[in-house]
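In the two complexes below, chain A is the common chain; its partner is chain B in one and chain C in the other.
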Partner chain A sequence: MAEEVKKETPAAFKVTIDNITIDVAPGTTILNAARSIGGDVAPPAMCYYSKLEGSGGKCRTCLVEVAAGSTADPRPMPKLVASCRTTVMDGMIVKNITSEKVTDARNGVVEFLLINHPLDCPICDQAGECHLQDLGYEHGKEGTRYQFARRTFKREDIGPYIQLHMTRCILCYRCTYVADQITNKRVHGIVDRGDHAAISTYISRAVDNDFSGNMIDVCPVGALTDRTFRFKNRVWFTKPVDAHRDCENPECCGKATLWLRGEEVFRVTARKDQWGEVQSFDGKPGWICNTCRFDKKETKDWTIEGQTLVARHSVIGANKYKKLEMPAETIKEVMNGRDPKLMMNIHNVSEVNNPNIQLSEIEGPAHSEDFNRSAEHVAGEGESTQWGMKK
Partner chain B sequence: MAKKLLLDKAHVEGIRHYDVYRREGGYRSVEKALKMQPADIVEEVKKSGLRGRGGAGFPTGMKWSFLAKPEGVARYLVCNADESEPGTFKDRYLMEFIPHLLIEGMIVSSFALGSNTSYIYIRGEYDWITDILEEAIAEAKQNGWLGKNIQGSGFDCEMYVQRGAGAYICGEETALIESLEGKRGNPRIKPPFPAIKGLYDCPTVVNNVETLAAIVPIMNEGAEAYAAIGVGKSTGTKLISACGNINKPGIYEIDMTISVEEFIYSDEYCGGIPNGKKLKACIPGGSSVPILPANLLLTTAKGEKRLMNYESLSDGGFATGSMMGSGGFIVLDEDQCVVRHTYTLARFYRHESCGQCSPCREGTGWMEKILLNIEQGKGQMSDIDLLWDIQRKIEGNTICPLGDAAAWPVAAAIRHFRDEFEWHVLNPEKCLKENFGLRHYADPIHVPA
Partner chain C sequence: MQALTNRVKVVERKPMSLWERLYIPAILKGMAITFSHIFKKKPTINYPEKKRPFSPVFRGLQILNRDEEGRENCTACGLCAVACPAEAITMEAAERAPGEEHLYREEKYAAKYEINMLRCIFCGLCEEACPKDAIYLSETFTPADYQRKQFIYNKTDLLIPHPQEDPEAYKKALGNRAKNQTVN
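Moving on, here comes the complex of A and B:
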């Protein structure tokens, strides 16, 4: 409560997250500060969505330890805090991946999220771009300790375009925020409470709004799926391209990602950023209308800009697209300057695989002299990074 | 018998009605308060050392002083009468028998906090008490204690009763505020705290019924006199709702100097355990607080006598102590099964979890299922460790204290009664037919047959 006292606030707060100190604007949440560092330092977020006001705080995957509250009051916070809803203070020290408590709690949260999840990824349309899948890979255990029947719900078509598969839902509440903030009227919500809480529409009401399709985009799991795309294809077999069209709807951003196979448009989604959230254009979130999303399924409806650069969801981008964006490498700073090396770096022990030798430039078959000669030449040219790639 | 501050007039014929209540000295505190400065009343409450009676025991005066006072923004006082903790029924008694005491306390508090509109959020199941309160509010209004310009002081105060719809979670202050606003009763994420941004985004104080009623004797007798009762930081009197295996279940107003032993065995209070049985365990402060075996209940780990107050009951932390909580005193005799009892509580918390945050939503249901298995003799040894791990991962990681409240009873049961859990696993046939009994945590006090 002490922070309520009005004080002179500096223009920027210094905050240290996992030994990395950065300056952020006052009012920034810990999560957003960590995202500006990037890499593993950014906590996972299943319910927080930066474009939706009031979201976050529910899933508890983004819990972090606050080792020192601020310069003025350096006491640690007694409990782990939800980084998405806690704003930084000047001089705050946050521990995310360097805290065992956080890792332990996060593993617990992932286990809780998965005990009633059907794990039907092989038949789920979200697979490949599912945040729960990513989270499970990163923080989950291979086995389950849950020995009871999983909670199930009946599948339900809410409106003409969306199917609700409540069994997969993790109750992040994002779709209700979309309905509140983007569509003109919310006709669905959470009914019941506790582990039998479910998303449902008002009796005999269908979700039928020009922007309801965005609920599918914000859903972190496969609970809300596109009925026009269901079981048509796996996302990793389709090719995402950026495209735009002049939409009549003034609220619609008109910039989208088309998921193609050949010339056929399998589905249309809003453009996502590296955190899996809808991208902003000119400071406005790029929500798209249902006409763009569900009705314009021919390439002639769109002006194609080029391939979508898939950054985070490697399954979709694997091997196919030119830019597999590497997250900022933070391990050295996180580990307080200690730079862990691979047990055996192939570039150090072998001359053959030197990354600076362009095999295509060698005429004819390469011989050992080519490598030997280049090794001397390379030594003077600068160091390779620990991954063996030139910066 | 200790001096009663809250319930001394509760049994006067017709005390529910204004005329009798006024004749017995009611509303004196309002008269006194209206002549004082609001800040002085807050100071007085601080000096009295009154602690929140709803469970957390946070100093009331301090809570009041946190209330933000921006210009031109309304402030609200909300009375938390959503008393749903299993084993706690003190507020019900207070509101049912002496409703004007609560209203009087709320008027004084509203004046101290500058709240012109105050709400009583009452548990939905207390429908008849809603009528009693509404009648009392109407009487107070008729006699000029509520409404515009109270007693010519220039202070306006309106009071409304709002019924809940049967959710335990709405006793959590931010869930209560959400529910009062007409929304789904989900706890809010704090900060901001209600003292800054509460009801309708205005600064709000949420207090328990007993806390607000205790303002009346503090004003009447003075803070020093109030603070002189009790011991240490446990000042004044406390209502204890005693239930379970005791001869005289009911509401007792105690000053917090008596020992637990006296409270259970003396005829003035619970009157001992019926049918010559022995005390096995007790939950001293409502279902959320850790259960204690008899030996740790009656004496602390240091060997001192445990007293019925905030400090003594929590002496030793959760390892060997418990909490004062809301004063729901549940006594278990030697015939009670701790596993079954823990299962009952787990079932309650699973049913009452709001489902907003993952650890509580999923963890409470998981614990309930495991406990049912153990209770029915289908459990395994590893289940006990699993239970411990689950409760550990719920505790402290949730939005509101319901997660902690669900985890603590399970943790304490395993901590103190692990052998009983193991016996259930090892004797699947027996555990359905007979009871584990007392074993080493038996009541150390000799009870004459």
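Moving on, here comes the complex of A and C:
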């Protein structure tokens, strides 16, 4: 009987992804190995979330081709594998963007994900930071081949702060993992099966846990959105800044991104890393509590550290100038000390961004009466003389 | 000095001849050209009695569109504002309250919508960006005014007339180029 030579497991596995070879620790998934290379090599992931245990394996967007299983057994894997669930082997050769099969399969997966997705991006508050939008932009087709009725659900308020649009959900299960692993009491999950599967609370019980707001952050689409931010503004018109505060809650990391419009805090989210996941601080994921997220909506509650870095391709970076150097005003000098005469102050004329309407102070979305009420209010006010202008 | 191109014409500065000094022939020559124009076709158009047709690609004043039932198409998605290279468009969104379904097409609408016509360069990128066929550039231009503040166009200035209450004005505002169906 031939003696089988049992080799010891090497300390690091050599794996080649898209012709780039790296050493990773045994037990690393292909997805995480690819992420350590970074860039386009990392497969997109809609359901896998590195900070949530057990997540992944549901959306199939991270499919990759394994051209050689390992040095010991260099046969290719017969089918495309989900890279978030497949661990690397020594000498494994993985093809992601270099494989036509993968691109093809991913296009198909995106088409499947979009079968029931309503494409109401012009209304959806997630637009601009939606992972499905990015994925559809890269892999999606322009039209749909689906001809049947899409599954629709009624909009649901789960708790005072979170709104559930089940129609937009892609069933990634991330929010149920948040409920399981971060909050101490799980009150929501997936009910029904197959096409009827829906995220819901147990007989409309409110989700009122202190960390329930984090399910908004983990949701890759606009299914779970911040009710306090609903329709307030588009994300790309708000300016993200990094800020922190001393939170009383010991579990809360207190580091967040504020989304500002002028001095108003429209929204507070956890800080995201380059993969769209919650950033880790000192090895711990930076989840924030609901007090930080929903109640501290004034700049004085926070210590602002500076502007958040936005990825170059992101629409959120549009029309934002990181370093704006204003030239020195010379008119006064030239005009013998006389101030320039302004022809018009836009703030006196414009009705948008009215200082008397504090959208951030309205609890839910603004309605027509919010604007009408303040219009009367403004009519009674004196003219603004900030610029010494007459209306 | 050597000329840079072959199109250089050297100015002659020699004294005028007797024929040139008489002036009369030159005047007659000039008047002949003037009077010959009386018999030519007049290129002037008497605006505003007569108006020149616009080019089919003319981009004029923006219009906020309504659907056949008169509901506003705009959902305040902000794509026009982010596409605008002059940063002329601003808006604020609101949620459609129950009972307002006949006013707005979708659950979100633009409560405030403003175009600063002093900034607008009529590039038409807002029309291109719009996913709801809600804004398009019409076949008229912005009327002149005496005050700058009149050029901040709000929703009352921009909205197309109601197609059922005032179908004639609606048709006129829609123009010939508007797409016939609205995209859902």
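Observations on the model:
Assume the second predicted complex is superposed on the first by the 309 of 391 C-alpha atoms of A that agree within 3 Å, B and C clash if a C-alpha of one lies under 4 Å from a C-alpha of the other, contacts with A are read in each partner's own complex, and residues count from 1 in each chain.
Methods note: contacts are C-beta pairs under 8 Å (C-beta built on N, C-alpha and C of every residue); 3 or more make two chains touch, one makes a residue touch a chain.
Bear in mind that the values here come from a model prediction, so they are computed numbers and not experimental data.
After overlaying the two complexes on the shared chain, residue contacts for A:115 are found with chain B alone; chain C is out of touch. Look at A:98: by the touch rule set out above, it reaches neither chain B nor chain C. Of the two partner chains, chain B is the only one touched by A:82; chain C is not.
Touch criterion met: A:233 reaches chain C, while chain B stays clear of it.
Of the two partner chains placed by the overlay, only chain C lies in contact with A:370; chain B stays clear of it.
Once chain A of one complex is fitted onto chain A of the other, the partner contacts of A:307 are absent, as it touches neither chain B nor chain C. Applying the stated contact rule after C-alpha superposition, one finds that A:146 touches chain B and leaves chain C untouched.
Common to the chain B and chain C contact sets on chain A is no residue at all. Contact residues of chain A toward chain B in the complex are 1, 3-4, 56-61, 63, 79-80, 82, 85, 104-105, 108-109, 111-113, 115-116, 145-146, 148, 151, 170-171, 173, 189-190, 192-197.
Every residue of chain B that touches chain A in the complex is listed here, in rising order: 66, 68, 167, 169, 184, 189, 191, 193, 195-196, 350-359, 361-366, 369, 386, 392-394, 396-399. Residues of chain C touching chain A in their complex: 75-79, 81-82, 87, 90-95, 97, 100, 106-108, 111-114, 116, 131-132, 148-149, 152, 154. On the side of chain A, the complex with chain C involves touching residues 120-123, 127, 230-234, 236-237, 315, 318-319, 343-344, 346, 348-353, 357, 359, 364-371, 391.
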